[in-house]
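Listed below are the structures to be examined.
Both complexes below contain chain A, partnered by chain B and then by chain C.
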Partner chain A sequence: MYIKLLCVLLYVGSCLANVDDTSVLPEGFVDATQRSTHTNNWAVLVDASRFWFNYRHVANVLSIYRSVKRLGIPDSQIILMIADDMACNPRNPRPGQVYNNANQHLNVYGDDVEVDYRGYEVTVENFVRLLTGRTQNGTARSKKLLSEAGSNVLIYLTGHGGDGFLKFQDSEEITSQELADGIQQMWEKKRYNELFFMVDTCQAASLYEKFTSPNVLAVASSLVGEDSLSHHVDPSIGVYMIDRYTFYALEFLEKVQPFSKRTIGDFLQVCPKRVCISTVGVRKDLYRRDPNKVLITDFFGAIRPTRVSTDRINVTLANEDDFIVSTAASKKPSFRIIIEPQFPTKFFQLKKLRSM
Partner chain B sequence: MGLLSDPSLPTQNKFVVSLAKHVRKLCYAIYLLGVVWFCCLALPEFNHSTYLSENALSPGLVYPEIRIDAHRLAVQLLEELQRERQDHRSTTPHAWIAAKFRELGLETHIHNYTLRYPFGGGKEFHGKNVYGILRAPRIGSTEGVVFSAPYRAPSSVHVDLAPSVPLLMAFADFARRKNYWAKDLIFLVTEQEQLGMQAWLEAYHEGDRSDDGLSANKYLWAGNLPARAGSLQAALNIEVQDLSDIEYVDVKIEGLNGKLPNLDMFNLVQRIMAKEGLTSGYKQAHKQQLLKKRRRQSSSNYELNLQRMVTMLLSQSSGVPTGNHGLFHRYRIDALTITASKRQQSHHKSNSNSAAALLKAIEGIARSLNNLLERFHQSFFFYVIINNDRYISIGDYMPALMAMVASIFIKAYLTWSSLASAGKPTPYGSVMIYLTASLMIGYLGNVLPLQPYFLELPLSAAPLTTCTVASLTIIGIVMPFVVILPPGGLELLHIALLLIYGCSLIVIGLLNFALGFFVGLVTVPLIIALNPIEQQKTNPLSFITFLLNPLIVIYGIVLVMTFYQFPELSIQNILLRAASASMDASAFALIDSVIYGNWLYFAVCTAFLPLWIVTWSLALSKRRLIFRHIDEDMEDLDEIDGLLEEDAADQNKLKTN
Partner chain C sequence: MKRCDMALGYLLSIFLILGAGHAQINIDSNEQFHEELVIRPLAGDHVNTYFQFTTRWHYGENESLFHTQLTPRVIAELLQQFDVKELHIGLTQGLWRYETWGYPVVETTGGAEMWAWFNGPNLTDQEVNRQWTQLANVFSGVLCASLNFVDQTNSIAPKYLLRPQFMSGGGDENQSKFIRYSSLPREIVCTENLTPWKKLLPCGSASGFASLLNSAYVHNTKFHSLGLTVRTLCEHPENCVLELTQTANLVYDLRLLEQSTGDFSLRRLFGMGLNGYCELAGSSQIYVQLNEQGQRYQLVPEPTKEIKTTRGGHTVIYGVYDMQKQFEGQGERLFNIAWVTPKGDRKQRLGGGQHQFLIPPPLNVHRYLLGQGQERGRIATELTNNHYEPLPILLQELIPWYVHAYLHTLRIRSRNLQRHEYTNSKKDLPFQVLHYAPGKQRELPTHLEIAFELPPNSAALITIEVDYLLLKWLEYPPDANHGHYIGSAILSTLLPIARNYTAIPIDGHLFEHSFNATRPSYVLSLHTEALIVSLPTPDFSMPYNVICLACTVVALAFGPIHSVATKLIIVERQSAAPKNFLKKIIFKLTKRKSNSQQQQQQTEEDKAIGGTETDIDPTDQRES
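So, the complex of A and B:
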């Protein structure tokens, strides 16, 4: 009896002591939750600010674009929104080029940039429609986020922000509540498996504060009340080249190869306060996995989890016969298709005859 | 007046009545408040340090790329120009300038204009401006920036500015090699001082509007331009006295009718000049003199600030631009002039700069202006510069003028309420006619000198204008002796004067604060002191009023200026010289108003002269002698009512007389 009681006490005590300790959970389950389950990758990269003196924001977004493309996400799965054209701005002394530093080592504009939303198309409305999949009829396929329940989505935003909003163009702004609602709707519509939200603006952390949807990992270049600063000026162009956070993020990503074992946990460390000046904010509470075990290519690349098997595998369907029977049983309804001639060609033929 | 004359309202408000007794004290107090407020503005607590509001400018983010060879080119071009100038003593070497522009690869055009001088039987003057356009390489020609330099012939009476044109060309040569221009750059060389600039601007903006080829301006035929460069966003007028030894750069901002360029533009120039190590600033010439003086006598910072404020307002008040930049303001183009001054004493070798630094500064300014996305709009258009890095905004200086005007309106109300309570007759009609007559006199001053009959007289502009205005003034002086208003008319005229005067002061103050403020400063005390009821035969007010006649004021100002400029002359000489100079001044004001659109002459004739005539009539307060008894009877009644002690006192005085 006493022994039984002692056991219970011990058990309760150990439970209290290790509330978060996953070691009490079955190892297989822990592994399963930490393993990536995505089937494809999407990226939504947004530069929300226009004007020549905001050159750096375009350099920011193009830096991330360059990285995700290099790591394997195809252009068809990258939605790039750029509010102004810096590469072809008449003030750019180097036409068709956008650099991330004054030494012009890295032309982030590259040779083949596919901009999906450009100039005045970059609006809050278009952005929210894109996220939630409520694009207007007739929207080109390249302008749609066609993600599903197995997609890992990377959302990157840059521009001028404030406490609780991000300015789009020079006329409107998206609030953190609108953003949180959009992402909640994405979750409800099964438009993502995991979502990595990255934002580089002033007071960036205010943008992810309202999030409630699961499986969202968010990182922001600055906390509320802080400014995100630019890295340096190119005195031959006369503008600020790039923002600090993205500059260091790009520096990190440049070293990542498609089969790299670097984790998101490493990525969250890229810009310590001593170089960033602002404090990088991270929100992990909605995310079930340990960032230190998540590969960076889960979001920035297109590496899907694959399993090599040497065993014999039965590829036939479990109830294949039933399936065939059921499809055969369902008789197709008979219908006729009448194809109207698209052009009344016979009239022309008649005319021709007459004239002849 | 509906509210004031509403019989249901108790006009006998005790408060108003008791205030009405102290009308003058109250008004003087408010006036003083305005003056004290103005003086306070010079204190550092009342003004602000300047800052750049326009992000797009991003000044000083670029390294200057212009090299010393640009300076060498300027020196070489100057030598060539000096050779040309030997053959063109009083004309402009247009061919040389145009040839050089073409050589530099600019789209070069020559603009012809004609001035039909209306006075003395009419004469025609012809002039030519040369301009070259550097088209922006990768954008349509929708916007442009002007870089201009005035050309002065060697025979000119003004300071020699020959190096300006070579410097402009050296910069154009540099700019042509760059591919980052987002706006067309216009390099403009004007002649005949402001006339050339005015003609060019008029041709640029209105040249293609008139179908028959005649310009909108009757006297200046600007013609049309063969090529344009879209809407002009900003302009920089460059005046250089020397290429090798520049002591300081004077930044001139006052434009036509006291308009100013956006404060951002001034700050931009200041910041870039400082970056290139050039001593520059607003009224820098004046400052340099002070610096030299200051070694001997030191004056406090506050005094200096106040002095600078007043100097700026004084130069704004005439409405005459201080440089060619001033005419751009008319077309809502922000512009200023930078004048690089030659070092006077060559032995003093500290702080010396060659034009290379100036070229770098011009490049920096050009690149910042190139970054502009829209016209200057962020910062102030109305400001007073105290120091190169401190300014007063319109919100801070306007209360000074408003306090002055408020005292006038308060006086008008209190006088009206006491008048209503006195139950005097109100001859609206005759007062109206009197006012109209004085306004008519002012209107004639505006119109008469430009009538064909007058223009055909073999008189030059100065005597013609002065004679016209003087004769109109004499009519005004005589008017109160000839036309005497019925009883109660003077009191009503007094109120009308207060209202019109207050309104015109507000309007003038809004259009040109400096002018409004100085007129208010001088005349408001007189208007407050004015009281037609109390007038006696020998009063100092009429004398003061006489002194404040616009013509006499002009003469006074010119006299003081002559005295300061030529202190060596004898008194008689100064008086004579001032007389002829003030005649010239009035003629110039008229010419300015018809050619450039300066409205100082118009304001003096339309507002100040009629107001003066009315004030003069009130100061004399001529009453009809026949009606004096009736007047007294009325005032007896007042005494019985015991409503207005002031009137009683007046009446007692009359009795003793």
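So, the complex of A and C:
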């Protein structure tokens, strides 16, 4: 229905363009393309680094996790991959907590985190399988990206990268070509409506260079040839807390409320070179909407507008018997529990052994 | 607009269904939920807190297994999807110290441990294997643990040690039962496991005892263990009980708590007081041990009643707080229990607190590796029997496939507790049972079960020699130098006395069922420590180094050889320049003066003289 409307508008638009010989598109068409069309939100958040000295990468990914969860994406639609355990690491003097700041104001680990892939499970293979929906038989539901053509997907990657690759756990790497292929496959399989790709690593912009799939907006913490830098060190744990780009991204996201009018355009300005030291790279050419008109909650939140009604509403119940069990539920008779012996005494000829 | 109305309609209907469910809970007694908390001060300024949440669902075959009220849906669906009758999952961090803490209520090993019994019509071994890996996958999602690594390469089928704790119901006794066991000693346990575990409870973490389990206060303990046990008890297929037991066992070190004086309270341990009880629970009881180590404290407020329980000649006194009565008139206030040392005792306690050890439990076990190097070693398991009677011992080992065990080197030597040396080989203890399933590289782990009799007041040392395998390049984990784990061995025995023994009897399901539960003997199972071996680990940067070195050598060799092979050597003609230093300077000065005039001439001369070598390769000339 919408597609039809779009086609008609497109047709009218092209006619008008031909007649007027101008590149100005009709307002209706522009509006239609600028309106958000997603039905649900998914987030894939990946920390690809292992080892304690990469604490900052875990803090990065948890910062984004905290924000998307706070803005309404449920845990069942967030796939969180963390390659190492920082919260319960023996080196962490504050067990069960991960902070983004030496002042310890914000425990980004929180009290109800759910990590879907952790430790050795964070591999390039699992990540690509997750994106493309080719998970192995029997994979748990919470480990699958069950997005469809109406889903807006946020992909966030952090770790150690180089020109054209991102290292996974110091033992393998994903290349920008593999990433682009994965996303193209997602598009062909109608696994996303719009995709926001965010990456915080050295030479991050190289990771989105090969993208060709439509409706992808990409932002990277540094351009090719640049390093992405960490923010500050916490002397009490002896490692860097968080990376600069994500630190300022979180600072911005903390101010966003579920019904905020902030746009992705604002978000792209979040870390100017003055504070980031690296240059934030943005790729907009695959994205048809104007980032300045796209709400940030289109990717970072899942907002369901609800209406409170005081009107009388007629609810027809299909068949009451289906779900109201008769209150006179029969009480089951209890029985004696007989379990077989838990120790094979038959092998022992202990004279003093007491019989069971 | 219409869609919106419809959505609202659905919402309303959902509320209606929920409402209907709520109304029934009081009437329908086929589903029950109980919460219990046991607090026992331990020797050496430690406190053990044990939470147990028990859901029992009395169901018949004709009822839909999907229709549950207190039992989590995922557990009910297990019975539909799998032929699993009994399932145990443990997620543990830390080591339980048997010598000083006694025996725990539930036994677990460090990391993740899982075993299940399958029983059903027409089950085959392949089918059980399939269901087992799928079951592990399901719980890897449910509990956010890496249980999906459980497969045939690290699972065994225990033969004697683990016995079924379920009742399959009459009629099909001749159906064979299958068991699978696996452990993942490397698994970490953190908030991401606690969160989904709490979500399985009827009240979640909102109210009841589970509200005390806050991640920051659970994970700063010395030992914490989450457990989940499901079993079915069927008289016949129409009359069954599904029993789900969730346990959380924590040991706090009081010296690590802030402003520690040796006193403690619920608020000190868990960060907050108790906000009430779970409204869906049939009972909410707190049991506080009053004698033994508990003697040194005074309780504020005093427990409402005391229970004296004698089990196997061992008496324990528990103070009981019934939360449902406690909160009757209390309103919104948080409930707190404080353990206070009476003033007179404080000095004495602080001075001599270390000496309050309990009598060591009858059986103890430790495990360690012997030998050096990365090629071979010996696994040694040492058992100590402090009791005056012999104990029957059953031991199960699961040795991963990357460690080769040699059965012929398996020995059990023993010594009297007064002696320090083990006797020589002539006096090895005889095996009563030896079950051995050899491992297969990359396919099967080695499974070993032995039974023997441990003489009174003596120790036994079980040793087996092993080889460590050199893995393939891609089989090493990303942190290969951390080492590889060998899971803990499980040991089972029959204790004649119940000293330090707190386990719940097999036919009971609540902690209170262990009160006065005297039996002829008590089945005790213990876990040894897990081992970490460093397999021969190659230097992974070696190929890179080799390539760099080889390239350098080739380049160094190629240059001169190419140059020698392609250039012609010509004898140099004497140059016109003088050899004497002074004359050289004069020559240069005169040359510079007449430089402009002689430019033409000079270049011609240079050409004529040439270099020491003249290139004859035309390509070389083009490049220069």
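As a working rule, the second predicted complex is superposed on the first by the 280 of 356 C-alpha atoms of A that agree within 3 Å, B and C clash if a C-alpha of one lies under 4 Å from a C-alpha of the other, contacts with A are read in each partner's own complex, and residues count from 1 in each chain.
What we mean here is this: contacts are C-beta pairs under 8 Å (C-beta built on N, C-alpha and C of every residue); 3 or more make two chains touch, one makes a residue touch a chain.
This one's a predicted model, so the numbers in the text were calculated from it and none came from an experiment.
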{"item": "Touching partner for A:340 - first (chain B), second (chain C), both, neither", "value": "second"}
{"item": "Which of chain B and chain C A:53 touches, first, second, both or neither", "value": "first"}
{"item": "Most chain A residues touched (candidates chain B, chain C)", "value": "C"}
{"item": "First, second, both or neither for A:283, with chain B first and chain C second", "value": "neither"}
{"item": "Chain B versus chain C as contact partner of A:70, first or second or both or neither", "value": "neither"}
{"item": "Touching partner for A:95 - first (chain B), second (chain C), both, neither", "value": "both"}
{"item": "Chain B versus chain C as contact partner of A:189, first or second or both or neither", "value": "neither"}
{"item": "First, second, both or neither for A:210, with chain B first and chain C second", "value": "neither"}
{"item": "Residues of chain A contacting chain B in one complex and chain C in the other", "value": "51, 88, 95"}
{"item": "Of all residues in chain B, those that touch chain A in their complex", "value": "55-56, 58, 61-63, 65, 136-139, 178-182, 367, 370-371, 373"}
{"item": "Chain A - residues contacting chain B, complex", "value": "51-53, 88-93, 95, 233, 235-240"}
{"item": "Interface residues, chain C side, partner chain A - complex", "value": "4-5, 8-9, 12-13, 16-17, 20, 24, 27-30, 58-60, 67, 93, 133-134, 137-138, 140-142, 144, 146, 148-149, 160, 163-167, 186-192, 195-196, 205, 214-216, 218-220, 233, 235, 239, 389-390, 392, 394, 432-433, 451, 453, 477-479, 492-494, 496, 506-507, 520-521, 523"}
{"item": "Touching residues on chain A, where the partner in the complex is chain C", "value": "50-51, 83, 85, 87-88, 94-97, 109-116, 118-121, 138-143, 169-171, 307, 309, 313, 315, 317, 323-325, 327, 329, 331-335, 337-345, 347-348, 350, 352-356"}
